[in-house]
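In structure tokens below, several structures.
Both complexes shown next keep chain A, but they swap its partner, so chain B is in the first and chain C is in the second.
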Partner chain A sequence: MKIIKIFIVALFLIFGPKFVFAQGELSANDIIAKSRLSFYYAGDDMRAKVLMELINKNGQKRVRELTMLRKDYAQGGNQKYFMYFHRPADVKDTAFMVYKYPDKDDDRWLFIPAISLVKRIAANDKYSSFVGSDFTYEDVSGRKPEEDTHTLLRKEILNGTDCYVIESIPKGASEYTKRISWIAAMDFLPLKEEFYDKQNELYRQFEAQEIESLNGIPTITKRVMKNTKTGHRSEATFQEVEYNLGIGDDTFSERYLRKAPVQWIK
Partner chain B sequence: MLRKLTETVVRFPKTTIAVFLAATVFFAVQFPKIKIDTDPENMLEQKQPDRVFYDKVKKEFGIHDLLVVGIVDERGIFDPETLRRIAKVTDSILQIKGVIIEDVVSLRTSDNVTSQDGTLVVRRFMEEIPESPGAIEFLKKAVYGNPFFVDKIISRDGKATSIYIPIEQKDQSYRISKEIEAILKKELIPQQKYYLAGLPVAEDTFGHEMFVQMGVTAPMAGFFIMILLFLIFRMGVAVVPPMLDAMLSVIWTMGLLIGTGHTVHIMSSMIPIFLMPIALLDDIHILSGFFDRYLITKDKRKAIIDTMKDLYRPMFFTSITSAVGFGSLALADIPPVRVFGLFVAFGIMAAWLFTHTMVPAIIMLMNEEKLSAFLEKRQKRISSRDKILKAFGRFSFYRSKAILWTSLAVLVIGIVGIYRIRVNDNPVKWFKPDHKIRIADNVMNRFFGGTYMAYLVVEGDKEDTIKRPEVMSYLDGLQSRLESLEIVGKTSSVADIVKRINYVLHNEDKVFDTVPQGREEIGQYLFLFSMTGDPNDLDNFLDYGSQKANIWIQMKGGDNIQMRRVEDSTDDFINKNPPPPGIVIRWSGLTYINKVWQSLMVWGMLKAVLGSFLIVFFLMVWEFRSLRLGIISMLPLSIAIISSYGLVGLTGKEYDMPIAVCSALSLGMAIDFAIHYLQRFKAAYRELKSLEAAHSFMAGEPYRAILGNAIVISLGFLPLITSTLTPYVTVGTFFAILMVFSTLATLILLPAMMRLWGESLFKRED
Partner chain C sequence: MAFILGIAFIGIQEAGAAVPALHGFAELDYGAKVSDDNTQRDNFNLLEQRLQLKAMYAVAGENYFAEKSSVLNFKGDFTVDEYFSGKTDFELREFDLSTTPYDWLDLKAGRQILTWGTGDYLFVNDLFPKDYVSFFIGRDDEYLKKPSDAMKMSFFPSLVNVDFIISKFEPNTIAEGDRLSFFDSFQGGIAGTNSDRDLLEPPLQPSNLEYALRTYRNSGSHESAFYYFRGFDKNPTSYKDEAARRLFYPRLDVYGTSFRGATLGGIGNIEFGYYNSREDSDGSNRLIANSLFKILTGYEKDLGNDLKVGLQYLYEQTLDYGNYKANLLSTDFVFDESRHLLTQRITKLYKNQTIAVSLFNFYSPSSKDGYVRPAVSYNITDQWKAAFGANLPWGEDDLTEFGQMKKNKNVFVRARYSF
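And then the complex of A and B:
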């Protein structure tokens, strides 16, 4: 991480600002599309242990710990997610499965161990909260680039990294009315996002706080979403991230919802 | 000492006036700093435990100030066109800065959790506008199928819907409510009525009305008093000294209040109206005496000094007793009442100072020729008023025994009436019934679960206590008891959410519309709920550590009596069904807070009345150097107060905040008549050595002055009746009645007593 930064700064010092964006003129749409792939479609599959801390403005904390599996079926296409909850104690064994289709509503199932029930859930992922956090489902699994109109506002250095700053305005109904993203020119990971609400005021702010290269894939290992209006924030730390494990299709089934696949989840 | 003052003032009248006017400018320049305070919570001390707890509850459960919009369409709202308008209104409201978007509760913005074909569906009630009859039916079924929202965002008859709009800052409520109104005006058609309710709206309106009160009613009262004064003296120039006295004392008092950083609360906004009539009482005595003397001496200087000499004592004692009466409010536990009492007391003493300085100075500047010409003309007319006074005097003097018996009877009736007094108040009722706030309140309470909020906070001894099944069931039981009460329209808690999830997970099977009996189940249901909406959806009902739960109780009435009944019924439930171990239950919410400060008010006022009664009594004993005269001087006002409050009880008028405040200050005012009467009688008796002669003298100038006072003070408060705020109306009416009673008691009872016991009372001193 540090080395990359030093490298970038060195390049910048040697060749001046012109060089950094020398990889041809990318359009805003291209950048957003690339960003989506590098952020949500890294590798063919992935496993991570996610520690999520929900912190309210008084500093009180709630903890969620889960193991997440993801399998991609096509770059930018269908995906399957599997989430198994370790903490809090009273939700242990709860499991959640999502079939994500870019062109239609997701299919989601939840296993509720206390009554040994698998329930299909239909909810709007545009605004429903991901496990009670400030992240929405969309923040966790992505949004189709075609849903917004993107404009490249400027190029800017954010914390020493060259970024494209892109404004995205939703074409249809959405929770936000404007999103501004700082996307790293180097690996297209989103470093920062600002969401503006119907009053045209900043209300949510995303930040990639730690980025590591894992199995050669740049990965955001710590991300924070803060609601600037309520002071509530959610910090997600991705640990034990592994890519290209060859997770089988059968893992994403009701059978494993009821009984976690021990091969992947300990 | 006072005599020296009078002599100096009379020698340098112009300098005196200049000095006081200069000082007045200093007080007047403070006015622009005025800050209005309409927050009912400020009726309690900052550190009062219930208030501290309420603040904590609001913080812990993320409760914001709430504006509520009600939209009523008599044809029913389930019609595509109407729904489209409602949606448009809601969408526009979300765009207003300061509105907390994610917490707005309405058909357009709230999530519904249902079960459809085995799938748990989380959708906004009205993401899209239903166009077909089928879609409308679907929406109806969805709304009425979720008890959490019935009576809240939809009325049972389908004619009304409401939008709950939490706002970030209370001080923005005026702007936001104006913007909301503009939206409603623009988007709705005339058949669709809208109502804007909620505490912030009420407070803003109240603040506005208070300004009107001070800017319109107070000057009106001043003008009215001026006319009264003119009718009493029938001379234009005689109106100047008392009016100037009244105005200066108001400016000094309000200037000091504002300048010392106090906010103007409902109580302190009444200061000008209280001060004006009180301030000029002594001046009437001075003018009255001066005119009589001047006619004889034709020497202004001498007439003033002689008049003042007789009046130093009574004027000092009447002022100090009135100041004590108001000052006794400082004993109350209610800060605005304390401020009111102390500043009126200051104003009274300021007026006393003006009486000794400004007033004689102005008299000195009066044109002598006009003065004597007028007075001579006046003397030639033996007014019919004087004849009535004489007849009245004879009656009270010669029917002494009958009068005493009647007084006793009045006293007994008064006491009976007092026993029937009902203590009750409701700040919303401070607006008159035809005020738009009251109308909105009525409509909202007819269609929905109730606009009066109270909270019942259930606190466990450790984290996650609320998730225990027995605690959750207990919440549910408490709510059932509360909802069985007629006044309670709706209750909401985390138990409702858990029940709803249980019901929906089991394909909407009624058997599962209950609190699940497993700890894990509850935890997982709440977890599931947290996955469906916003991270703060549960906040209003459950604290972050799940240690405390908050039951929202919506009541259709906010009277203190109604709140108390709900409390009693809850206590009864808790006694019969003790909560699980480690659970503490405590009330909060504005309706409860109002009840708290009102009980403080009742007992605080009682304390203040008894306190000032004792102080005034000691002052009287000291003043007359006689225990018996002290007791006698207290009698007329005791009868006046007891019968006034008896009247309150007998007419069924509720004993509320304004009535309570009147009790303490009525005392200091009612004693004035007795002081003037007894002082003057004593002096006259010493001079004339005969009870009858003394009485006959009294029925002349002293009666005129006392009656003049009584008229000014009882009629002077009458303009308050025109106010749009009921506390002012109550104070105006009650004071007028009290002053009439008090005058009658003084002028009837005291002469009767003088005839019976006068000789022994005054003889011993000689």
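And then the complex of A and C:
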């Protein structure tokens, strides 16, 4: 995997200027596919401490703090996630594990420490809320590009960054009926997304508020999802992000659900 | 226990100022009783304050336990129980040391909660101790599981994983008449404080240790397991001395298997257990429980919009029932040969998953009894949580599992502050 990446970087260095030029010719499908890889598949693996603030329209705040581990098995393919909760107090030390498959339902496991129980979680609803936030499971782990029909609407400068503006219409049943994405031409990170409902009204809005280059990988370190109908919003801050740590496959197992992998969870 | 204390002492000394953070909760529980019976109190069966403290300490410093990623874990509950006129108590729920001596081995020694198997409130191969009094009066689910004093060894070779547990016998906590009324065969019906049974536990000696083994393997979205248990029935099902009203916990071996995985857009599970009553293996002794088998199957599905449903079916059959019947005395109560039990769970979350509304229902068409558990909980803030619900066991007969509990119906409220 690393060799392939080095090869791609080398190609980029050699053919860089032409490549940037060539981007102008990218189709909407290519842009969405690249965006998915740069957002959900950055590095071969990742560790981050995620602070999520869930804020209602009156400004009341709830806090979720967790350590997240991710390992990719193929670019755009299978992934495994491990999440260990630090806050709030009533879910502290709870661990959650997901095997993500692009072509079928996830496998999800939850470890509830108070009763020492490893529970399988039924997971066929990818639009359910992730830990009570405005992010859905799909927002957290991605969506296959083939599930929507994509159209490049225009190119636009958003907050000083060149963006492709793409409209995505689901081919099958979906939570939204239309999604508009602003994708940075430079690194393909999604800077803004708007989700529209059946009445063609905006109901959710995503914004990448802070982007940093970490281990040479452009990373959205602060993202906000706002439910424009209820006024509820969720702000996720990614701290201590590290890539390519060589997280072992065995970390994503019942063993480490029951006994937190202290090497990764500090 | 002294050994763990020693490690704790060494660990904390070496760590110097690093004191592990203390977490837990304080709560108040009140359960008003709906029906009248012969227990100590007529108007409530739950009124208590509880303070739970817990701390985890990853052993630090230059020592063997730090190198082997060892973690010390403590959890204890202080309670003031108004049911027993303000009796104060401390329950040590967890105090254990886990360590990883080798890549392929985890050890956990001390007081710990042990759980395995695939059921939801139903247990086939999980023979670890439970507290059914807590369950029926509406304490948090956490208290259905009782701690065990045990040594757990988990082996992780490449093909299958193996858990092997050696533990001290700890009986289930069951209704005894003071707080919850139940069917007492010596009293000839549902009894309260008039019950005067004597429950005889196996004395603590090497030959009375219990052994539990599980081997399990995950392949893709499916997981299968085999179980073996050698120990004692956790319920006092058998008679030592009828005249003295003395019951005991007979020796029991259980062999079982389970399978769980993605099925029909949800999670399906099936679990089987064969219970060998070692002191009455042909079923001819009317004083000792017979062998039996249990088969459990379940299905859970996420219907979207934070709505989940779960269904289970449990079948239990007493073996050598002919021998049991043939040896009964004319004055004995006769228990059924088999039992069918259905359960259903519905959970719906509202308001960004801060409100949970759930209904769990046990129903046995063969015993003509059941147990309805509706509950609503609300996470008011990250710290404050309120819950209320009800425990409604019912039944046509007095001697069935839920029928005997029918006078214990309650409605409970709980307020908890977590920190």
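One rule holds in what follows: the second predicted complex is superposed on the first by the 240 of 266 C-alpha atoms of A that agree within 3 Å, B and C clash if a C-alpha of one lies under 4 Å from a C-alpha of the other, contacts with A are read in each partner's own complex, and residues count from 1 in each chain.
Everything below uses one rule, namely that a contact is a pair of C-beta atoms (placed from the backbone, for glycine too) under 8 Å apart; a residue touches a chain by one contact, two chains touch by 3 or more.
In this text the structure is predicted, and so the values were computed from the model without any measurement.
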Practice problem: After lining both complexes up on chain A, report clash or fit for chain B versus chain C. | Solution: clash
Quiz item: So, does A:Glu254 touch the first partner chain B, the second partner chain C, both, or neither?
Solution: second
Quiz item: For A:Gln199, is the partner it touches chain B (first), chain C (second), both, or none of the two (neither)?
Solution: first
Quiz item: After lining up the shared chain so the two structures overlap, which partner does A:Leu110 touch, if you call chain B first and chain C second: first, second, both or neither?
Solution: first
Quiz item: Which holds for A:Gln263: it touches chain B only (first), chain C only (second), both, or neither?
Solution: second
Practice problem: Scan A:Asp125 for contacts with chain B and chain C and give back first, second, both or neither. | Solution: second
Quiz item: Once the shared chain is lined up, is A:Lys229 touching chain B (first), chain C (second), both, or neither of them?
Solution: first
Quiz prompt | chain B versus chain C as contact partner of A:Thr94, first or second or both or neither | solution = first
Quiz item: Just chain B (first), just chain C (second), both, or neither: which does A:Val63 touch?
Solution: second
Self-check item: Candidates 44-52, 440-448, 458-466 or 620-628 of chain B: the single one with C-alpha clashes against chain C
Solution: 458-466
Quiz item: Common interface residues of chain A with chain B and chain C?
Solution: 54, 56, 60, 62, 88, 90, 114-115, 117, 120-124, 127-129, 131-134, 232
Self-check item: Residues on chain B engaged by chain A in the complex (per definition of touch)
Solution: 59, 62, 91, 94-97, 99-102, 111, 116, 118-124, 127, 168, 464, 467, 505, 516, 518-525, 527-528, 530-536, 544-545
Quiz prompt | chain B contact footprint on chain A (complex, rising order) | solution = 54, 56, 58, 60, 62, 88, 90-91, 94, 96, 110, 112-115, 117, 119-124, 127-134, 173, 197-199, 201, 203, 227, 229-230, 232, 234
Quiz item: For chain C, which residues are in contact with chain A within the complex?
Solution: 23-25, 56, 58, 69, 71, 98, 100, 106, 108, 112-115, 141-142, 144-145, 154, 156, 161, 216, 218, 221, 223, 260-262, 265-267, 269, 300-306, 308, 352-354, 379, 381-383, 385, 416, 418-419
Quiz prompt | Residue numbers on chain A that touch chain C, as the complex places them | solution = 54, 56, 60, 62-63, 87-90, 92-93, 99, 105, 107, 114-117, 120-125, 127-129, 131-134, 232, 250, 253-255, 259-260, 262-263
